[in-house]
Amino acid sequence: MTLPTSAEWDIVALSLKVSVAAMLACLPVAYALAWLLARRRFPGRMLLDAAVHLPLVLPPAVTGWVLLLLFGRTGPVGAWLERVLGITLMFRWTGAALAAAVMALPLAVRAMRLSIEAVDRRLVDAARSLGAGRIRAFATITLPLSLPGILAGAVLGFARSIGEFGATITFVSNIPGQTRTLPLAIYTGLQIPGTEMQVARLAAVSVVLSLVALLLSEWLVRRAGGGRAHVL
Amino acid sequence: MIRQRQTAAVSLLASFLAVLAAACSPARDDAAPPVVLAAASLQESLEAAADGWARQGHPRPVLSFAASSALARQAESGAPADLFFSADEKWMDELDGKGLLRPGTRITLLGNAIVLVAPQDSKAAVALDDPASLPAALGDGRLAMADPAAVPAGKYGKAALETLGIWPAVEHRVASGENVRAALALVERGEAPLGIVYATDAAASAKVRVVATFPAASHPPILYPLAVLKTSASPDAQGFRDFLASDAGRAIFLRYGFTAPQTR
Amino acid sequence: MSFEIALRHRIGETAIALDAHFTEPLTALVGPSGIGKTTVLNMIAGLVQPDCGRIAVNGNVLFDSAAGMDLPPEVRRAGYVFQDNRLFPHMRVRANLAYGERLSRPEHRWIGQAEAVAFLGIGHLLDRWPATLSGGEARRVAIGRALLAAPRFLLMDEPLTSLDAARREEILRVVERIRDELAIPILYISHSPAEVARLTSCVLRLP
């Protein structure tokens, strides 16, 4: 097997760009949701928990279809984004990043929630008694102590983004240079006879990237929990 | 206590696996309906044909719709199906070459045309004999097509655009979908200003209108071959195939906009 | 220095009812296990909201259900020494000590870090991580952290628990020194009559 060609490295670069963007967008939302679910009681909490997990259990094409309905140029959110912020998602790498972020969200939320729950609330009480308000107590106690979990969640979400296919192709189609990430490129290659070598090279890169991300995530979790917690 | 739990778990697992195995093994009785792998563009018409067949007292065939390329791969991998109804000769030839078809059952059943469609309320007008007309009508939007490299509807579209000298201008403006129905959906929703789909797809959808029809001479004839697969286990398979090939069967397809197969 | 406490609170099966006004430098809060002594401290610190009542320390009203007043914990200036210490594991001893000090107003501070460290004999522990401290050392750091937060009063929840005899004597001497040398009221939970007898004659009994 030869080394990947420059066109293939472009596909890898696109995949990395999409996945990194997906994780950056996903992180704050995932942490906020994780904190809400870990620390707050409110009516509809179980419903929120279930909704967050939907992309994990729905067929990816369904998630992609919902994204198309909402974020397409004719969809309510998509039209607003284009009109007000000038952001287009359809047929563009930004749409692929959104699809990847949505699919990665449940995994990131789970990892972060576990690490927030592991922070002893009595430590937060101690901080309050020493003069820290809610926000300062959160920033100086909960946030630093849950940091390894945040990182683990981010890396796990990144690994999921690298492999995202169904929602992406249903939402933003298969556009070379924009949405043809590694999984879509492999899929395209499988459709055309005579491209086995290219498919093999791309698949090998996918496997390596995913393995590295998964191992890194596991290592981070072990470091944080002293060997107790696992998110894989 | 632990032994009891282990035994319970094992017997639960065993009964689950038994049920799964029973569900998976093909029912080899006379009532087994044939499984048909059919191109996505045949969806409405083949459902109607299957209903017609069922009304005659036969078990209703099980229909599986996808891009012909994906279906051919499934058949090659030994998927337990009875009939293959493809949207182009090439994928049928591929299976034929590998000896996967039952001899004497292959027949070219239907023809179709490809059309350029736009959302129902679009005012777009395109003259296909002017290579600049389509790109101009596209503006900064994309042309929705099934994958031009692998899916028949996409390949016919690309061939037509190449013949008409339009392909170079739109090659990088294509939104390539998994199958022709995905392309149709994009135009229906207004996400793509124009798309290339089969005439039958356009007829089936109330949300698009036909802007232009590609001349039959601009692409290889669109032919729908049908054949029984060698691995077919259903006794009804041959009967359903003959029904589809009969005048009554063909009439159903003609109602949905298909044509008799054209030969060059 | 005075504590005025009138509380009514129910947690599950336990009902707490307390009416007290005391002015001693150190007051002991005693009673059988599970009666709610820690909960009383939590309510004075503002970590738990009583069903109804009034809490005032040195004339400053911290809680008054009738007037709808409930100061949040961070402004009550309670120096709370927890039974389980609760040192912040991700900060060294030095940072733990400074945590409350940094958040206090300079005009409220009445003891400096050097003085508190010398008072408690923890100078050699400043660069250590909490996880590496012994029971007695951790307890002394917890006391130091509470003192440095410029508190108006101290709440101590069984500070001699899980310490061996030598350490217990050590901490007891520290508490006596605080009682005698620092002009700050202390509310002290204990279940040992001997300990209580040594420290004070003012005893609040629950129920």
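Letters A, B and C name the chains as they come in the text, with residue numbers starting at 1 for each one.
Here is the rule we go by: a contact is a pair of C-beta atoms (placed from the backbone, for glycine too) under 8 Å apart; a residue touches a chain by one contact, two chains touch by 3 or more.
Given the structure is predicted, the values throughout are model-derived calculations rather than measurements.
Setting subunit A aside and leaving every other chain in place, the chains that still touch one another form these groups: B | C. Remark: the per-chain Cα centre closest to the mean position of all protein Cα atoms belongs to A. Distance between Cα centroids is largest for the pairing of subunit A with C. Taking each chain's centre as the average of its CA atoms, subunit A and subunit C sit 45 Å apart.
Rounded to whole angstrom, the centroid-to-centroid distance between subunit A and subunit B, based on C-alpha atoms, equals 34 Å.
Averaged C-alpha coordinates give centres for subunit B and subunit C that are 77 Å from one another.
By the touch rule above, subunit A contacts subunit B in their complex via residues 68-69, 72-74, 90-91, 169-170, 173-175, 188, 190-192.
Here subunit A touches subunit C in the complex through residues 120, 122-123, 125-133, 136, 140-141, 144-145, going by the rule given at the top. Across the interface of their complex, subunit A is touched by residues 69-70, 73, 142, 144, 147, 149-151, 174-178, 182, 186, 189-191 of subunit B. In the complex of the two chains, the subunit C residues touching subunit A come out as 45-47, 72-80, 82, 84, 86, 88-90, 99-100, 103-104, 145-146, 149.
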